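You will see chain A twice below: alongside chain B first, and alongside chain C after that.
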Partner chain A sequence: MLIADALLQGILMGLLFALVSLGLTVIFGVMDIVNFAHGEFLMLGMYSVYWANFFFHIDPLIALPVSAVVGVLLGLASYYWFIKYLLRGPAIAQLFGTFGLMLFLQYFAMFLFSADYRMIDKGILVGKSLSVGPFIFDWTKLAAGILSLVAFAVVYYFLHKTKTGKALQATSLNKEAASYMGIRTDRMNAIAWAIGGGTVGMAGGMLVNFYYAYPMVGILFVMIAFACVALGGFGSIKGVFFAGLLIGILEMIFPVFGHLIGSDFLGPHFKFTIVYLAYFIIVVVRPQGLFGWKN
Partner chain B sequence: MEKLKDALDFSDFSKAERIGLVIFSVFLLVFPLLGAGSFAKTVMIQFLLFSLFGMGWNTIGGYGGQVELGKAQYVGIGAYTVALMMVWWRVPFWISMPIGILIAVGYSFIIGYPLFRLKGHYFAIATICTSLVLKDIFDNWNLVGAAKGIELPIHDHPDFLYMQFKSDTYYYYFIMALFYIGLFYMNWFRKSKLGYQLRMIKDDEDAAESLGIDIRWCKIKAYSIASAFVAVGGGYITVYNLYVDPASTMELSLSIKIALMAMLGGAASLWGPIIGAAFLVPLDRFLGSWLGGQKGLTGIDFMIYSALIIVVSAYQPRGIWGIIEQFRKRGH
Partner chain C sequence: MKIRSAAVFSLVLFLSLLIASPAAFSAEKEIKIGVLYPLSGALATIGRDLQRAAEVTADIINNKAPGVDIPMAQWGGIPNLGGAKIKLIFKDHRGEPDRGADLAKSLILDDKVVGLMGAYNSAVTKTVSAVAERYGIPMINDSSTSPDLTERGFKWFWRTTPHDNYFNRDLFELLKGLTEGKVKGVKAVPKKNLQNLAYACENTEWGSSVAKSIEGYAKEYGFTITKGLLYNANAPDLTSEAKALVAAKPDAMLFAAYLSDSLLMIRTLKGMKAQTKFFWGQDAGFEMADFAKTLGADINGVLTRTVFIDKITKVKKVAGQVNAIYKAKYGDDLTGATARSVVGVQAWAYVLNKAASTDPKAIQKACNEINIPADELVMPWAGVKFDAKGQNVLGRGLIGQYQKTTDGKVSLEIVYPFDLATANFIYPFPGWK
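Let's turn to the complex of A and B:
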C-alpha cells in the first residue's frame, strides 16, 4: 500500500523531473554543451510565476505562459550574448562559463529577491487534491505531470515531423555536414536554447505551486536533471523521459523502503544522495545510458 | 638529490618571472612585520591557502586537463581526520595530518579508479556527485557531529604539537611554509615524467596511448597528488578555525572556488593558481565586507565575481596568465 502510493507519487515527481531535464538534453544533443545554469532557468521560471501572482494577482496556472516566455528569453539571451563566444574556446572554458552563468543568476536572484523562501499559497489548484480510491493526489502535481506529457509530445512532434525539427536533428548528428546542406547551425543552436529555456521555465512555473522558490533552488534540480540526462543517454529525448520517471520513483521509494526496514540510512535525508550515486554508477557502468547513441 | 635540485631550479623561467618571484617571496616574508591589521592577515592566509589548493588542482585540472569539480571532499577528509583524531584520541597535528593525507590518497584511488573511465562533461559532473555524496553522509552522521560539526578543545597555551596559537602571525608563517613546499613540489612536478605525460594526454589522448602511456593510471596518480595537496589544506583549516563542519569544508562552492581560481589565473602554469588566488581572494573578501554587509546589497559581491568568470571564460580561456603572455608576445 505504502509502496503503491510511493510509486504513483514517484511517477508524478518523475514527470516533472523529466520536464526539467528535457531542455538540458536537447541542448546537449544539439551542441554538446552541458548547461550548468539550467537549474537557474528553473529558479527564474519559479520566481516569474510567483511575482506575477504576487503583484498582479494572476492565478499561477494562468501565469504559466509568463514563465515559458521568461525561459525562452533567458535561453536566447544566454546563447546570443554568451554561449556563442564560449564555443570558440576549449571544453574546459565551456564548463566554467556555464558555471559562471549559474553563479551569476543565483546571486542576481538573491540581490533582487533576497534569500527568502517563497511559495504560492493561493490559486485554482493550490491546496486541492483528488482522491482516487485510497490514493490522494495533489492537483498541482497532477497538472505538472500533464503539462510534462504535453511538452514532451510537442517537442517530440517538433523534432520528428517539422522541417526545422529535422534540421535540428541533423545538426546534432553532424554539425559540419548539416551546415554544408544549408542549415544555419547558429540558428539551430539558438532554437535548442529557446526550447531548453522554455520547457524548464514552464517546469519552474509548475513547481512553484508546491515547492519553495529561493535563489539556490536550482542546484538540487540540476543535479537531478544531470542524473536523468545521463541515465537516458545524453541527447536522447525518449531516454530522458523514462529516466525522469525512474529517478522520480527511486527518489520516492527509497525512503519508504527505509521506513519499512526501520533504517535511517535510506531516510529522507539521503534521497538525493541516491540520485547522485545513481548518476555516478550509471555513467561508469553504462555511459551511453538507456537509449543513448552518443559516446 | 636530483629531485631536490629540480624543485629549486627556476632557471627555465624568464628573468622577469624570477625577479617577480623573489620580490613576492620577500614580501611574503616581511608581511606580518608591516603592521598589517588582522583583516589583512586573514586575507593573506586565505590567499596562501587557496594558492595551495589551486596548485593541487593544477596537477589534474591544469596539466592533466580534466575538469575536476570535487576537490572539497578531500579538504573535508583532511580536516575531519585532524579534528576527529584530536578530539577522540588527542593525537597531535603532526601525526594526524599525514594520516589525513594517507586517507585522502587512499580514498582518491578508490574513487579515481571508476572515475577515470569517464571524460569531459561526464567526468566533471561525476566529480561533483562524489563530493556531494560524501557531504550528505557527513551532514547526517551523528558520530562526527553531523551538520553541527565538531569543535576542537582549545589549549590554554600555544602548542606546537597541536598547532594552536594565539596570534595569527604564527598561522601565517605556517601556511606560508606549506605554500612554499607546495610551490617547490609543483616546480618539480611540471618537469617530472608524470608532468610531461599529463600534458601529452591533455593535448591528444589517442597519441599518448599509442606511445604506451597508461592514460588512466597517469590520471589517477595526478588525481591523488591533487587530493593530498588539498588534504593538507584541510588539516590546516581545522587547526586555524579550531572548528570543522561539512558546510565549511565540503560544500560544492569550495570545490568550485578551488577550480575557478586556478582556471582564472591560468591552468597548466606554475603561477596560474597563485595569480588566480591573489586576484579572487581579496576580491571575494573585500567585496564581501564592503558590499555584502550593506543592507539590500546581498549577493552583489558574488555577481561581480561570477561576471568576471563569464568574461574570462568567453574571451581568454587561458586565464589571466594567458592575457599576460599574450601581451608579452606582442611586445617582442
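Let's turn to the complex of A and C:
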C-alpha cells in the first residue's frame, strides 16, 4: 500500500522533473550548450503566471499559455541577443556566458520582484485534492503530470514527424553537413531555444500552482534537471523522460522503504543522496547515459 | 590694538575649548558595528527584515525619537562616547557558514569594526563567533537560538535571545497545561489523547538541535515520539517527508522549519488532508509575516513559538511605539525575529555607553555587567543580563496561535504563558478546508 502510493506520487513528481529537464536536453542536443540559466527561465515562467493571476485575476491554469509565451520569447531573446555572439568564442565562453545569464536573471528578478516568497492561494486546482480509493492526489500535481505527457508527445512528434523537426535532428547530428544540405542552422538553434524556453516556462507556470516563486527558486529544480539530462543521456528526449521518472520514483520510494524496515537512517533526509548516487553509478558504468548516443 | 586683543582672545577661547571638551569635536565620530545577515539566497526575505529593524533602531539611537519612552531614544548618539553615532555595516553571508567567517574577518581587519552582531542562522553564528573569539572582538548575537552556541566557553560572545531549550520547554509546558486544563478556553484533555508526538526538523545546526531537545523534553515530560525526521530545507519536494509524518498518525506534529520549507510542508500536508490535534512550529518560518500572508486561513489553529507578537504592543507601551515607527516605514509589524534585531542593536548601544570606550576589554567588562531593565525592552522579557556563559538569563518565550478573524485573515494570539493569553485556545487543530 505504502509502496504503491509512493510509486504513484513518485511518477507524478518524476513527470514534473522530466518536463523541467526537457528544454535543457533539447538545447544541449542541438547546440551542445549547457544552459545554466534554464532554472531562471523556470523562475520567470512561475512569475509570469503569478503576476497574471495577481494583477488580472486570471486563474493560474488558464494563465498557463502566458508562461509558455514568456518562455518562448525568453529563449528567442537569449539566443538572438546573447548566445549567438557567444558561439563565436571558445566553448568555455558559452559555459560562462549562460552562467552569467543565470546570475543576471536571478538578480534582475530580485530587483524587480524583491526576494519575497510568492504563492498563489486561489485557483481552479490550487489546494484541491482527489481521493481515489486509499490514494490522495494533489490536483495540481496531476495536472502537471498530464501537461508533461502532452509536452513530451508534442515535442517527440515535432522532432520525428515534421520536416523542421528532422532538420533540427540533422543539425544536432552534424551541424556542418546540415548546413551544406541547405538547412539554416542558425534558425534551428533559435527553434531549439524557443522549445527549450517554452517547455520550461510552462513547467514554471504549472509549478507555481503548488510551489512558491522567488528569485532563486530555479537552482533547486535545475540541479535535478542536470541529473536527469546526464542520466538520460545528453540530448536524448526519451532518456530525459525516463530519467525524470526514475528520479521521481527513487526520491519517493526510498524514504518509504526506510520507514517499512523501521530505519531512521534511511529517512527522507538522504533521499537526494540516493538520487545522485544512482546518477553517479550510471555515469561511471554508462557515461553516455541511459539513452545517450552523443559522446 | 583693539583688533589684536580680540584676535588673541578668540584664539585663547578656541584653544581652551579644544582642550576642555574633546567630545565637542569628536561628536561626529562613528562607532562601526559589523552586522551579518542572510541578505540574498533562500533567506533573503528574513535577512532584509532583520536589516530594516536594525537600521530603524540605530536611527532611533542616533537621531532621537521623541515618541519612544526608552532613554536611548533621547540620546542622539552614545552619550558617554561624546554622542558618537552607531554605524551598522551590513554584510550578506547567504546562510553559508564559511562565507560568514570570511566576512567577519574582513569586517574586523579591513573595516576595523568595534564589534559584531548577527548572524541569524545558528550555523553561521557558530563560525562568525569563532572568528570574533580569535581576534578578541566582542559579538552580540541577537537571533540565533541553537543552545550549543553559549556552551562553548567563549569570552567574546553574548546572546540576548533565549535559546531553543527555553522554547522547547515552553512547548511541553503548554502540552502539560492542556492536559491539566490550564489553557484558556479548553477543558483538560486526557493525556492519552496527546501522548504521541511526531516531529520534522530541517537538518542544519538549528533544526537538528531542536530535534535533540524535543527528544529530551518528551522523555522528561512523559510523551512518546512516534516519528522524528530531519530533512533538507532546500528540497524541491517534501511529499515523502509529509507522508512519513502522516503515516505515524501522531496526536501532535512539531516542526522546525525556515520559511520556504514551512510553506511547502503545510501545502503538502494540506494536499494529503493530514489529520492531527496539535500543530506547532518552532519559530523561524512559522512566525514570519510572509507565512501568514501566503497561507492565509489555511493556518487557522497552527501554533508558533515566538518571542514577540504584535498583540504584545497592547500590554507593552514601548513595543507599540517602536512597532509604530517600523510599521510606518515598511508596512509590516515587528515579528519575533525582527524585534530581536531591535534588542540586539539596543544591547550594543547600552553596552557601548556603559563601557564609555571602544576598547574591546572595556566592552567585554560592560557586557558582563550590563542589566537592561524590562520596561526599556520591546520584548516581554524580564530584562537583559548575561550569565557567565554569555546567555541572557532574563529572556522568555511566547507561544502564539494563528486564529481566523472575521474578515477572513489570520491574526496571531498569545496562548502561552497562560497569564498573558489574549484569546481562547483552538483545540483540537481544526484541519483543512
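Couple of notes before you dig in:
Everything that follows uses one rule, which is that the second predicted complex is superposed on the first by the 271 of 295 C-alpha atoms of A that agree within 3 Å, B and C clash if a C-alpha of one lies under 4 Å from a C-alpha of the other, contacts with A are read in each partner's own complex, and residues count from 1 in each chain.
Convention: contacts are C-beta pairs under 8 Å (C-beta built on N, C-alpha and C of every residue); 3 or more make two chains touch, one makes a residue touch a chain.
Here the structure is a predicted model, which means the values were calculated and not measured.
With the C-alpha superposition on chain A as described, chain C and chain B clash in the combined arrangement.
Once the two complexes are overlaid on the shared chain, A:255 sits against chain C while remaining clear of chain B.
By the document's definition of touching, neither partner reaches A:245: not chain B, not chain C. In the superposed model, A:224 makes contact with chain C only, not with chain B. When the two complexes are overlaid on their common chain A, residue A:115 makes contact with chain B and with chain C alike.
By the touch criterion defined above, A:280 reaches chain B but does not reach chain C. When the two complexes are overlaid on their common chain A, residue A:5 makes contact with chain C while staying clear of chain B. In the superposition on chain A, A:104 contacts chain B only, with no contact to chain C. Of the candidate stretches 147-155, 183-191 or 255-263 in chain B, only 147-155 runs into chain C once the two complexes are overlaid on chain A.
When the two complexes are laid over each other on chain A, chain A has residues 110, 114-115, 215, 264, 269, 272 in contact with both chain B and chain C.
Residues of chain A touching chain B in their complex: 28, 34, 82, 85-86, 89-97, 99-104, 106-111, 114-115, 215, 219, 223, 226, 230, 234, 264, 269-270, 272-273, 276-277, 279-280, 283-284, 287. Put simply, chain B touches chain A in their complex at residues 61, 65, 67, 114-115, 117-118, 120-122, 124-126, 128-130, 132-133, 136-137, 139-140, 252, 256, 259-260, 263, 267, 297-303, 305-310, 313-315, 317.
Interface residues of chain C facing chain A in the complex, by the touch rule stated above, are 40-42, 44-45, 47-48, 203, 228-232, 234-237, 239-241, 243-244, 247, 259-260, 263-264, 267-268, 270-273, 290, 294-296, 298, 432. Those residues of chain A that touch chain C in the complex are listed here as 2, 5-6, 9, 13, 110, 114-119, 121, 127, 129, 136, 138, 141, 210-212, 214-216, 220-221, 224, 251-252, 254-256, 259, 264, 267-269, 271-272.
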